[in-house]
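For reference, the structures are reproduced in the following blocks.
You will see chain A twice below: alongside chain B first, and alongside chain C after that.
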Partner chain A sequence: MDCGMILQCVGISLVGMLIAAAASLVPGLHIYNVIALTMVFVFEVKELFPNMDMMVLTSFMVGLVVGFSMLFTISSQFFQPCDDSSRYIMLPHEKFLFERRGHEAVLLSAVGGMVAVFFISVAIPIFGTYFSGLRKILTPHLYWIIGAVMVFLLMTEWPKDPGTGPTPLKKMFDGWGALLMGYLCFVLSGLLGVFTFFRTTVPVDSAFQSLMPVFVGLFAIPSQITTILAGVRYPPQHVAKSAEVYAEDVVRGSASGLLAGSFASMIPAMTPGPAMLLSGHATVTGGDRQFIIGGGAGRMMYYVGALLFFFMPGVFLRRGGAAINISLVFVPETDAQFYLVTGIIALTGALSFLLVFGYSRMSIWIARKVNYKWISALGMAIMAALVWHVTEWQGLVIMTTATFIGLIPNYWHTRRINLLAVLLVPMFLSLSGLGGDVAQALGIF
Partner chain B sequence: MTSAVRDPELLSSCPSCGMTIPRAAECCYCSGATSPARRVSEFKLALAAVPALVIALVLLSLAWDRETPIAQSADLTRADAYDHVRVTGVVTEVEFDDTDYDASDVFSFWVKDKSVPDGDPGLKIKVEGLVLHKIMDGGLLPEIGDTVDVEGAFQAGRNFRQIAVKTAGMVRIVERGKPTPGAVETD
Partner chain C sequence: MKGIGHFLTGIAIASFFPEAMRGALDEKSLMLLLGGAFGILPDTLDFRIGRYLWKHHRIVTPDLNNLDARPVAAAVAESIDEAARTGKAVHLKLNTLKVSANYHRTYSVNVDDKAKTVTARIGPLKTMGQVMGGTGFLPRSLPDVPREQLEAVAAFKADAVNSYHADTQVAIFSGPDFAFVPDNGKVRVDFIPWHRTWAHAPLLGVFFGLLGLLVYGLVGMWQGAGPEAFVSSKALSAFGIMTLAFWGHTLVDQFGVLGSVLFWPFSSKRSAGFKFTHAASVMGNITLNYICVAIIVGNCLAYSSIDQIDSALPWASWLGLAGANGGRAYFAVGVLNYLLYFMAIPLALFYGAVKLWPKVFPGPTAEDTAKDEAAEGVDGPGELSGD
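Up next is the complex of A and B:
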């Protein structure tokens, strides 16, 4: 490949990484929402510069994804504190925040992300072709694997009430209340997913972004609303100059995260959340540090590793929103393109890892100066505007519907993981050959 | 706090949460380890980026160095179907199928290299739609007699073999030339 082309691609990928850093300041904003907006920009650029090599724009997107995967959880860490009145479970990184060591949690997560960058840039080029074989083996079994994951999610729901009601009936109601609301979340999200997959109302021109309003509504907006309504105050954060991290935590946490990320990369409809839940059980990870490191590794492996498979000669696996969007403008073909993308991942991964140290300090400073409720309100406005811009009013209607479903877990103390039925159910139905029949029975096909 | 702990000599700051604590192996507030031996400094953590940068350089130099090997078109068989292949040779025939829709226009040309026997036009190269128009806009449409270097996905079936070009940059004109004897242009 031409040296000038490589330099152009590297340069534009760094721009992508910096834009990801800026966008990551908006808590709850998902990488795929940014990509959706980027695609609108890409189409404009494509018209303006018809002779521009699409590899350059692809490199920009790769830099964007890598930067975002490393940085996007930092703002959520400091700008969306857990409110115990609206959430039953406090995750380890939230616990760290209330122990004044949110910065240390960020460092641990970044360590996991960095391990994943090493894995992606070294192991995938060497062993990646085996994934092609694995994919062939898995393909006929995908439907029941997804079905088993759904059963696992439903089985692992548990009553959150401590059982202190005055009467047995009240105790039973308290116990089953959260359980049933969890199942209700699953059913409603599943129905929304079937509707989205089989007959979305998103305009045809934006059909490639039909999941965007759904995800913003289910996950981002409810988090923003909860944060705005929250009354929680967290203590001032200490910027630790060192982190308590042991080799065992790095190895076990990263292994769990990489396993989760790889699983999510290979199985459609799977995301790092349920994949981490599964791999955490499978690898018996223990302790807060392993959980946080695993989360960092899993996210990087899922978003970036899956994207690299798209460029891998002989594999060309199109998984995840980034690969799907890039495939609209670019067709990967050669070994040189694969090595270029892998090199860009290693480079932007390393640089965004270095950014983490300052980025976390900056986030702590912002959280000290600006009320996090205002940040969430701004984030909500940005996301609603994005949805409107990309998917018009139809998208806003879908987003509002999804928001009502997405608020259920916050106010009935169920897990948000049930909301992922929005992907799991329609994918399970499609892969098992029942999708059309079910959609027809529901009157939406 | 006991009177003994009020002694500044016996107090320290937790490196994890920054709280003032009695000297101990673990913080009484956050349970973080206080001993430097059990902690990794930010500087040492940041050093992890160095090997990643080295790996990035190696991979980018591989991208610079790596070229698709040139295949002899006669050697390409159905076993190579869907592989990304590269051939070089002289254009012997061209064919343009102009449709009502730009996105459906098809341009085909045949490339003959040393492996192709006399009388055979060579391997068919197919370019269509937006890729074709991008090549046309750049003035790089191959003509009969040109020496070209082409890369694309090899497609093969019963009695047909062709390379489908998916990216405009994969059709490179090495040398503009004169029509070869017996060359055919169709429309």
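Up next is the complex of A and C:
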């Protein structure tokens, strides 16, 4: 690979990172939504410049993913404050916002992200083959591992309501209300997932983006609606010159996040949410700082680490939306490509980490000038437009259906993780060979 | 131990059953999941059902608008004396005080069995993220009530034995339950008495195992294999997995402070734990989880191709042993190889790192914490007892 090509790839990856920075201002917008839109652009470019080396466009996508993974939660931090009335538990980063420490939460998350970038750039090239060997051993077992995650999620949500009713039955009813709504959420999301996996409802040209309206509906739009309906004000934020964090917090938080990210990278249908839940329990993560650092590390490891495995010679693991989309236009072949992508990840990761400081300040400034409800309304409009553009009216119908399901956890105080049944259930059925039978029994095909 | 430890213990136990492993590879069987499900089941039964069936004789809910520790201390002391006087157990529940979605008002209770006193204290606010007022960045946030309402002491007359935590905090989610049980002329203080009772009893594990045997046996018969298929290896494996996974939970719990009711329904007395670790111990949980994952992966490896086994465990091929898992020597060397490479060495490295850690990265001293708190304008911990 010549120097000119390397410089082109590095340059375009920085452009990707900057575009990710701009897109990250829309709270709730997911990296895969941006990639979906980018793919439309990539196909156009490919048609216009048939001789163009696809490594260049691939580098652009890598920069986009790295930048997004580091920055995309910052807008949610400041533009989506948690309203007490719609939540049973306030997560640590949400709590930090009300304690004037939103900027500190952003920095802690970025520290986790940077540790993950370091790990990905150094450890995967050295130890990646062991990871690949482990995956080969576990491949025939993936179906029951996904099944085990589902069983664990369903059996370990404890009733949050202490149950103060006069009779045991009434107490149990108090406690089980949220649990049953969680089960309803799981079942509805699972059915939606089976429907989406086994039947193409969006236009055939956009079939590779059939999950986009589902995810926007289940996660992004409900968050926006909840924010628009929220009636909270949060105090002016303190931009700290340093973040109080001990080495133990960084090590334990990052270890938990890296474990979660690695698990999610290896197991189909797994995302950082349930993986973080499992790894947090397994490593007994303690305290708010470790939770936030772990989140940053886990997201980076999942989105970027999994992507690097796609380029790794002898592994070529196609896990996650980024790798799947890139594989539509690019087939990795050489060691040079792998090391170039590794370098791009290290560079864009470090630069986006530096970007975090200013980006967080800018978000605080925007939140001071513009009511967060308007930002969420704009975000919701952008996402609906995106869904319509990529998947047409059929996508909008699916998105609306998913939105109703996605609102359940907010208003019945149950786990949002249940919504991930949309991936877990169809993937489990598919890998265990039951997918066709179940889809047929449900009249899907 | 944390729930995931029990869950992994159950799957690790199931992975020793050849029927479950072969079934996973050949028939996409779900037998391994039985291990996980029955490994976690005792806690699921306790926290989703058992706690609601528990009958409370006294329920204490302090008034959020007029916080007062005196009725709390009095209720606990009276319950102890009532148990001694009547010779019957008294069940007491202390309800939590939810202020908002993120904040709970805390209070604590201390039963001093030597001094025969109960001390109740109204405490600071606590967040759902477990941040207590007076630490970190959260102000101490004590309520503005007369001093005698903040801390109160009530005396009891009976002889009592309190072997669990000296200080019980009532903070978030559900509040603690106590049972004051007359035992050998004294009153024993049991903490969360509905936990680790019938739902952790080994006999219940046998019952579930038999249920598994019945279901798998009937399915085998229904699939046309005839009556002899009732006691098939699959049905026996289901019995073994369900029973042992359930027992695994009880056994793992036994290593902590609190034991289980081991002989239910013949006795309702909860045994004491071995006290090797405790439920929230970082080292204990990580060690258990790592060992379980290593066992599961090791058993998956045992059913992999020879190439995969040889590349992960090279000792057997170095010694020129052949026959894969069919050969006993090959298998034994492989197991030793696995134990050293993937269990002993990683755990030794982990324990070594934990041991060295405080020397390399000393944590915050009490002086640092005091400085931080002073800088943040947080009241010191001595506020309540100071003049």
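Note that the second predicted complex is superposed on the first by the 435 of 445 C-alpha atoms of A that agree within 3 Å, B and C clash if a C-alpha of one lies under 4 Å from a C-alpha of the other, contacts with A are read in each partner's own complex, and residues count from 1 in each chain.
The rule we apply is simple: contacts are C-beta pairs under 8 Å (C-beta built on N, C-alpha and C of every residue); 3 or more make two chains touch, one makes a residue touch a chain.
These figures come from a predicted structure and were not determined experimentally.
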item: Touched partner set for A:R361, first chain B, second chain C, both or neither; value: neither
item: Partner chain in contact with A:D335 - chain B first, chain C second, else both or neither; value: first
item: Chain B versus chain C as contact partner of A:V122, first or second or both or neither; value: first
item: A:D53 touches, of chain B and chain C: first, second, both or neither?; value: first
item: Which superposed partner A:E244 touches (first chain B, second chain C, both, neither); value: both
item: Partner chain in contact with A:R101 - chain B first, chain C second, else both or neither; value: both
item: Which superposed partner A:M155 touches (first chain B, second chain C, both, neither); value: second
item: Which superposed partner A:A346 touches (first chain B, second chain C, both, neither); value: first
item: Contacts on chain A seen with chain B and repeated with chain C across the two complexes; value: 99, 101, 244, 246
item: Residue numbers on chain A that touch chain C, as the complex places them; value: 82, 84-85, 87-92, 95, 98-99, 101, 133-134, 136-138, 140-141, 143-144, 147-148, 151-152, 155-156, 158-160, 162-164, 168, 171-172, 175-176, 179, 244, 246-248, 278, 281-284, 286-288, 291, 431-434
item: Touching residues on chain C, where the partner in the complex is chain A; value: 2-5, 7-8, 11, 24-25, 28, 30, 32-33, 36-37, 40-41, 43-44, 47-49, 51-53, 55, 59, 61, 95-96, 100-102, 127-131, 136-138, 173-175, 280-282, 285-286, 289, 297, 300-301, 304, 308, 311-312, 357, 361, 363-364, 372
item: Chain A - residues contacting chain B, complex; value: 1, 3, 6, 10, 50-51, 53-54, 99-101, 104, 107, 110-111, 114, 117-118, 121-122, 125, 238, 240-246, 313, 331, 333-337, 339-340, 342-344, 346-347, 349-351, 353-354, 357
item: Residues of chain B that touch chain A when the two form their complex; value: 14-19, 29-30, 32-33, 36, 38-42, 45-46, 48-53, 55-60, 62-64, 66-68, 84, 134, 137-138, 151-153, 166-167, 169-170
